[in-house]
């Protein structure tokens, strides 16, 4: 049993961490902080946890967090980096669900996040927590940057083709769609049900913060080459789920695409390559940590089309964070994550 | 480990049984039948089960079912009663998720279900599987009638007041609301998303098959007295969930309503009385086997108002069926049912 | 052509007024005020109006409003009463879509709205704008109180039976359900799509501001008698629509319910009594000013059940306000309101 | 006033035609046929039409249709072509909302629609009814092929750039998303609310019938050149709306994209180019005949991105059909189509 703390637990990634960690066989939940809800029982805010968790939100207190083995930071961007050094020095490992440690170049980070990075040394050390690319480094990470939701779905879809050099790097397109929980639990007119339900739109087309994260990831897969990446996110009138539709142009004559993906991911517990001809539905992963992928090469197109779905709050956030914790502490990688998606 | 069979597994109660039983520690799933999908892998129809269950649908075959310890019947009404005698004689216990064994009076059954009852002797013996009313009888049941979804939410809301004789029996009102999964997975214009989404309506006001089931249950609680019961079901544009709003008129000066309910259900693992003043949300039980109840006596009304929510596919169907199985076979009552609702 | 102003036009009743008035043959839209959006083109906030309306929000300015023949107040409660005296004295007629003039007893108003009423004299004079009860008084109203959304659906459903004294007044129950647009366009966690979609709940059971409004209306219909009224509102995961399910106990042997309602409303342009046995759907009135009603007396119940649906933003707010304006200015009552509901 | 008939009026394009034509100032609705509903009042099936239309469905009868000036065919594919010759010979003009006359090459038609074309001569003569490309030919059309929903949104988005030769033709990508009403009103498990709500998926990736229609349209715009077109449709959990996200690679240095589109469509009543930087929402056109378009060239991409939204049942079907009728009969092009989108 390890001692676990959560900083900033009132948002959707926070409650999803609680859903998963409350049943995790190796975890003792010690502390969950919230400035605005300090003193309130967690199950009062999230009644789904009634009977599963007796814990109240407390004021953030670094001393208290130092008694944990690992701290999940589920705060807005810019918070984790202010606490990281002190916690790491106290021997606490950090899993940041926000973006503070995702981009290794601080200049790029500052450009996209609009503030200076206050913890550059740990930024260099931080490990990008996409297990399918990076499992070995994750084991010993002191600071783990949990990937963004879109970047998870997109990178898992791109990886087998790009790391083999089989596609042209200058014309990568990721047309992505996310449910509204991706916008978080903040009071916001744009994601009121009366605004976002029964409608569909793109957003952030001129520039979205997940673009540099995907770009960085593609660069690591490709190990060189000029990358042209177009990323367009859209808002889907549903609560959970991300669907990435990826367009790539072959760089050479391709072999069997289906086998390439099946082999690449054959030992991955949370990537599922669907049978040829499939169209993955986001609901098939709702509440589960799985990424399901299908591959297409339409006769009338000169493109490879990869369809990749995840639950943005699980494999796209809290589930992947737990998966990373499992790797970091030597637990079974699937501990606490053996969940069947809720369908219908 | 007991050997389990499911008859008619392609509908929503079928897949929900699979979701629960695939992870049940005491269960070995032996057979799942479907005439229309025989030969197809279960996970092809329900991709959420990929990686959790390797089993194919098979043609219904009573001989094969006889090798099971228990058979769940998740078929349309009128099927279970044709197989029950043969299975029971072979020592197989039956849990019927349809209505064949819910009404103990065959004449009433025939009136509401429009066909003669073909298994009247077992009808007398069958146990109505609402554990909170009937746990002892359930232990030894050979034929268990799993309650309907509305009747579960309504009866759990009525029970503490009616069994104590604290309300007038001639003016009971149950205004109920259900998500669309309650209508099943059959192709049906009325529950196409383009028809049922973004709209709300009552249905079956002149008469609904759950009326006699609730009426029978109220009669058993009340042990005499003339019952006047009005039941109006409505269709809610959401997938899962039932909300019952119950109106009762006090028969006498009431004591503390909140304590009455808390005490009545204090040992019930799947009934949760919310703090005074609460309004339960159906999403707080989505995917879980819990019934959450809140109590109100508005100052400006002479009525007691009880709000009761369940997930129609879990406590309203497959979860309650598993709970009944656990009781019947002496397992921990919550085995396989320790699920946190998915929220958001 | 009359000159029309709108105060507080950024909310949902504001944009719905604009949708209707932009096409009204007798209306010239002169001014629409908004403190927060002053200077912004209306069509920038509401792109559905692009090409239909060229008007910008302006700062509220009573002098400018005085140039109008009628001013619609679509502000939060408590604003209209501060401007009413000055506008009325300038000869401007006022249609208030908020609650300031709905309750004729200032003490009741203050109890429910938590502030003193600052315009009691006009409160006495104000006319409650439910045309089906009150058409003659509306014609000459200087201050018109446009009814609340729930009260409109409920009162139209109760009216024919109560005004004839055919039901017991002490046990009236109105179980009501509303889409989320009824909560307005304010940023609010509770009506984020990720919170309110895929869930159903009651709210305000201990007391809701529409209770005294319905109570007052029932009192006027009944002309004496002790009234017992229970009102429970619920939130439906859809954008538009209200469904009222009304329960009444007959006071005497009833004649033909269907004829009673058909005759009562035969000359009403915006009340539609459905054929016997019907179940009205809220989508059948989406975007239109119609209230559709169906009547039931289930065999197994001793209750009359009335089902009544409206679009909360049209007959429940802005459409009824335009209907009232039409009556006040002697236009055809349906001018600007000849709209077919959007279905599907 | 012209006499109008509708063949096959029970589906969604049928009821949408009725909504529009019931209020059209130049139209007398004479006949609406349906084999399955013959004898039923239209308003019984579609209660939104109560009070707006008194007409019953009748058995299809070519003699009766011959008394019309124009017949809309809102049947499944393959029906219009069997009646077209006889109607045209009788002087009746035909507007086909299905696909029978959309593809000018009968071999291509047969390949994609899986049946021989039974009316090849009229196929040659038929005019493709996209007014923005083809207005002059529409005026005199005897047989008008109303475009598909996806092809309308996609072609209007591609047109200004492709007809000027400003983009590379070999890498056109149309990533499209449609609400579920696009699947029609047939009983179908896949579009049950419990299946399609709260989920998102691609479909038809290996090949969709709108691909050859878009391909043909692009060919006409481009007047030569090798075209590579990738088209991926997705199902959005909402009722109405199409969003096309188009990716193009510049063929040359581009001038001002915004001006190019604004000028191209400046005289088009139903195409609205949004201000630079916009993201059109499908709800901004719900119920209206408008196509709204926005243009982007993200700094970090070498692609032009065009966002185009329509209501699939209006500009994508019945509204465009009425627009075409208006052009064919010399009415004001917007007659009957001056509708403000319903928002929220």
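A, B, C and D are the chain letters, set down in written order, and residue numbers restart from 1 in every chain.
By definition in this document, a residue touches a chain if its C-beta (ideal position, glycine included) is under 8 Å from a C-beta of that chain, and two chains touch if they have at least 3 such contacts.
Quantities reported herein were computed from a predicted structural model and do not represent experimental measurements.
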Remotest chain, chain D as reference, centres from CA atoms: B
Of A-B and B-D, whichever chain pair has more C-beta contact pairs: A-B
Distance between chain centroids, defined by C-alpha means - chain A, chain B (Å): 37
Centre-of-Cα separation between chain D and chain B, whole angstrom: 45
Shared-contact residues (touching 2 or more other chains) in chain C: 12, 179, 181, 185, 194-195, 197-198, 237-240, 280-281, 283-284, 286, 344
Contacting residues of chain D [partner chain C, same complex]: 12, 15, 19, 22-23, 46-52, 181, 185, 198, 239-240, 272, 274, 280-281, 283-288, 290, 292, 313, 338, 340-344
Chain D - residues contacting chain B, complex: 12, 179-181, 183, 185-189, 191-198, 237-239
Interface residues, chain B side, partner chain C - complex: 170-171, 173, 175, 177, 179, 194-195, 197-203, 205-207, 211, 215, 228-232, 234, 236-241, 243, 245, 247, 249, 277, 279-283, 286, 296, 298-303, 305, 307, 309, 344
